[in-house]
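Chain nomenclature is as follows: A, B and C, assigned in order of appearance, with residue numbering initiated at 1 for each chain independently.
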């Protein structure tokens, strides 16, 4: 009896800790939905992209860094030059005159060429990243000033974080993610402002495909081990005193998620940008009319969710190894926000705990004995549906008062 | 000059409400169907009729089904693949266990099964709206596929979980030698299974698709369609003018799933010849959703235009890869490239024309109406 | 002024509730003539204490231009206080044009007929409609009893009660945030009151679902237009017909026989409404593209297509210019007059409300502060304070 109870608790605890990890992915979804009513289906791909970039940054040799650093400096100077020219002359206005879509396509072709021809050399990949950042931000998003800044940051990380391998990788990945977020906002979202939610949703699915394709094309489809220095071993005293197996890693993940939520809550409620965000979330047009820079706010939100994706990528990558299936985590995050509410940050955590624990318990006590297992795929959705039938806006979502 | 409706006066409401009120449209549709019946079989190209046209028709029908639900009734569904799978496995089991039923009737019955399942998963739509509903429809997707994977009965305990279409004939057992309708035997062609020809499979698919499309067109221009669109455009107002929301939504779910179910059944019997659950996975659901987004929400024509685009895109990419790049691309790279181009094309289309091909088609018609004079 | 006395010119037909007024051969030279005539008529009417259908004979009647303003004003007031409807006949060309133009600007119905018989017939018709509309006894037609509505801690309506008589134009007015729209939402079944009852035709229908209310005979328009933006004008109005249509998806899919017949039958009805509201030209236009005033009109058309017993109008004239307002007021009166529909109206524009309604209820902060005829309400100090503030 005692053992059964202990087993139950172990399953429950395992479920709760897994659930917290789901919350990490769900957080990104909530952030973007809250600020822009966009259902960002690409969050899973973000996580994959972040994890793959991070792994690559750990795997490359020392020669890479100075090379990439100098390349970044060179591109930064070029971007600054373009920016200056753009400001003071009209030489570079061709994209404006002829529309930028062909330019973006041409640029993408140039960028992809080294990848297509590559022999899997890290150097090519580094070039690709810097090139991609450069082209995306200058040509695609037409923000060479931002590009210059980000690239200089990249160079700085390459040169000055020489001793701390993990930190250097983290810094570079962070910058790459931010670049991606800005580029997405400028290239994909801005032309779609004021479209129907379903159109934006579709765009996010399209984005999901593009990022998945790029991620797998640039890197590879192998499973990369990721070690961020946190051991995945049970905590000794818990095992000895209670006989419970709780991994240190899981606890760290839970703490990270908690810290992220606290940070985001602070950011949303206490900062100026946060207030702007909440205003934008309420009503785009009203926010615009009182002078809140909608575009920059969106760039900030997408960057924030890209950063959240990075944390999720690190956690999941070191747990499962970095592989394609990480991008499928989005499907675990969906029922989480279904239960927690699309717009609630704490809801993402509570939803994660509910989903994680119930799916594990259901699988162990109902799924495996009666149906031959595999119920984890759908049981959270069924649970979410039942939840919504009672509370159509999720646990913490804003109550919908219908008005006419 | 060709597309003038001047001089076509409507003197009765019946003619004003006809299915194609403009004469040219009427003849165009008839011409198109006739062309589709005659020309592809004459070319004798297996490739054209099988992987291209039959695939197009099957997915076009599924897209039409989803468009009825999403484009007309405004309920986003991500579970299309699941409903197609219901149709597919229902039809497989019908043919396997009740071989007396003619295949086309089996299609219809399996569509009805899908409709039943659709109603079941549509029930939450009364209380749950928008993206919340969209996410809950994933439940049907994941649950149904899991069910077909885990319950061996559905695949007749096939070790690989594959349902292979047995051989069937158009009129079924009834028209075989010794049956009550054996005078039909000479024209009792083989429709599915390894011995069926592409021509027959293509024509049967075409027939089913044309009939179901006409029915759909009738639906959306009559009372049922108006009730759907009212719910889509403003559910509160719809309820206040006396439309029953749950009934209307459930009918939409039922009919949409019926179409998807028939498409799923045809996928197995007249297109691929066999199916496992992977054929109906989430990617399939998304693909079909893309078809209607790119084709145009709330447009029957758009469903087929979108389906044509999505079906032809990989074909075009393959041709591009083999001719221009000369086969230098590995399969992996090509697969990733396909993903990127696919995603990119979707974003591009959404930015350029968020209302899809259907809108372009409309604009083209407007232009044609005035041609050759600009005003 | 004339050879016959005014008293001789008034005939009561008690059984038919008709009051015949004979203007024939009369000449009104100025406001004073008109006032004299009407004072006498109204005194007589006051004595009867009931309402009448007016049958007015204009044969060889002359009205001087300077008398017209008083004439129209007095006529309208008599109709509002004592009338149930008016039919005019024997009108010459000049008078007809004057009446029409005054009818447009002062928002009453011209109702001009060729002969006395035709006019009597029309009045009888009108009376029959009014009677069917009020088939249940007048008192219990639509009654709101002690309605309380709360959202969380906010009280939107506090024990509001009133009753609406069949065939009247009933207005709910009040300053912003007074709870007018909430009241309408409760009546149309969109909100459930926290407590209190709503009786319609003698039956408690407080807890009906929204779509069931529509089936009972409630139709409404919205403050912020709630049309189906993706559909054409025709489809929008046809959607209003869904309530009355027999349809199911099987016959619809085949579109043969019954389904087609049904479509055509209801299309005919809808076309009549389109004619009535003068929106023929925008039949096929998607409503999203129409200007605001026309959208409001389409919305009214959709509500009329439901053949309601009670028409609930939520600020039908908000945001309109004067011309559009006059059009709309005319349509509201026409609907009330021609179809005998009871109209419950919310409006900001006091002048319009006072002109067209029979009965007014004033809300402020969810509480009923006054009720009565337009004149009573207009002069009520409590109402004036609510609108203009203290002092």
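The criterion applied here is as follows: a contact is a pair of C-beta atoms (placed from the backbone, for glycine too) under 8 Å apart; a residue touches a chain by one contact, two chains touch by 3 or more.
If you're wondering where the values come from, they're calculated on a predicted model, not measured in any experiment.
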{"item": "Chain closest to the assembly centre - both centres taken as Cα means", "value": "B"}
{"item": "Interface with more contacting C-beta pairs, comparing B-C to A-B", "value": "A-B"}
{"item": "Distance from the mean Cα position of chain C to that of chain A, given in whole angstrom", "value": "59"}
{"item": "Chain B and chain C: spacing of chain centres that average the CA atoms, whole Å", "value": "50"}
{"item": "Inter-centroid spacing, chain B versus chain A (mean Cα positions, whole Å)", "value": "34"}
{"item": "Where chain C touches two or more other chains at once, by residue number", "value": "190, 222, 226"}
{"item": "Junction residues of chain B - those touching two or more other chains", "value": "236-237, 240"}
{"item": "For chain A, residues that touch 2 or more chains besides their own", "value": "404"}
{"item": "Of all residues in chain A, those that touch chain B in their complex", "value": "39, 101, 108, 112, 116, 188, 191-192, 195-199, 201-203, 205-214, 216-217, 221, 331, 334-335, 337-338, 342, 371-372, 374-375, 377-378, 381-382, 384-385, 388-389, 392-394, 402, 404"}
{"item": "Sites on chain B touched by chain A in the complex", "value": "70, 76, 124, 127-132, 134-136, 138-139, 142-143, 146, 149-150, 236-237, 240, 282, 286, 289-290, 293, 297, 329, 332-333, 336-340, 342-348, 350-352, 354"}
{"item": "For the chain C and chain B complex, residues of the former touching the latter", "value": "188, 190, 209-211, 213-215, 219-220, 222, 226-231, 235, 238-240, 242-243, 245, 247-249, 252-255, 259-260, 262-264, 267-268, 271, 302-303, 306"}
{"item": "Contact footprint of chain C on chain B as seen in their complex", "value": "13-14, 17, 19, 215-216, 218-219, 221-227, 229-230, 232-234, 236-245, 251, 255, 298"}
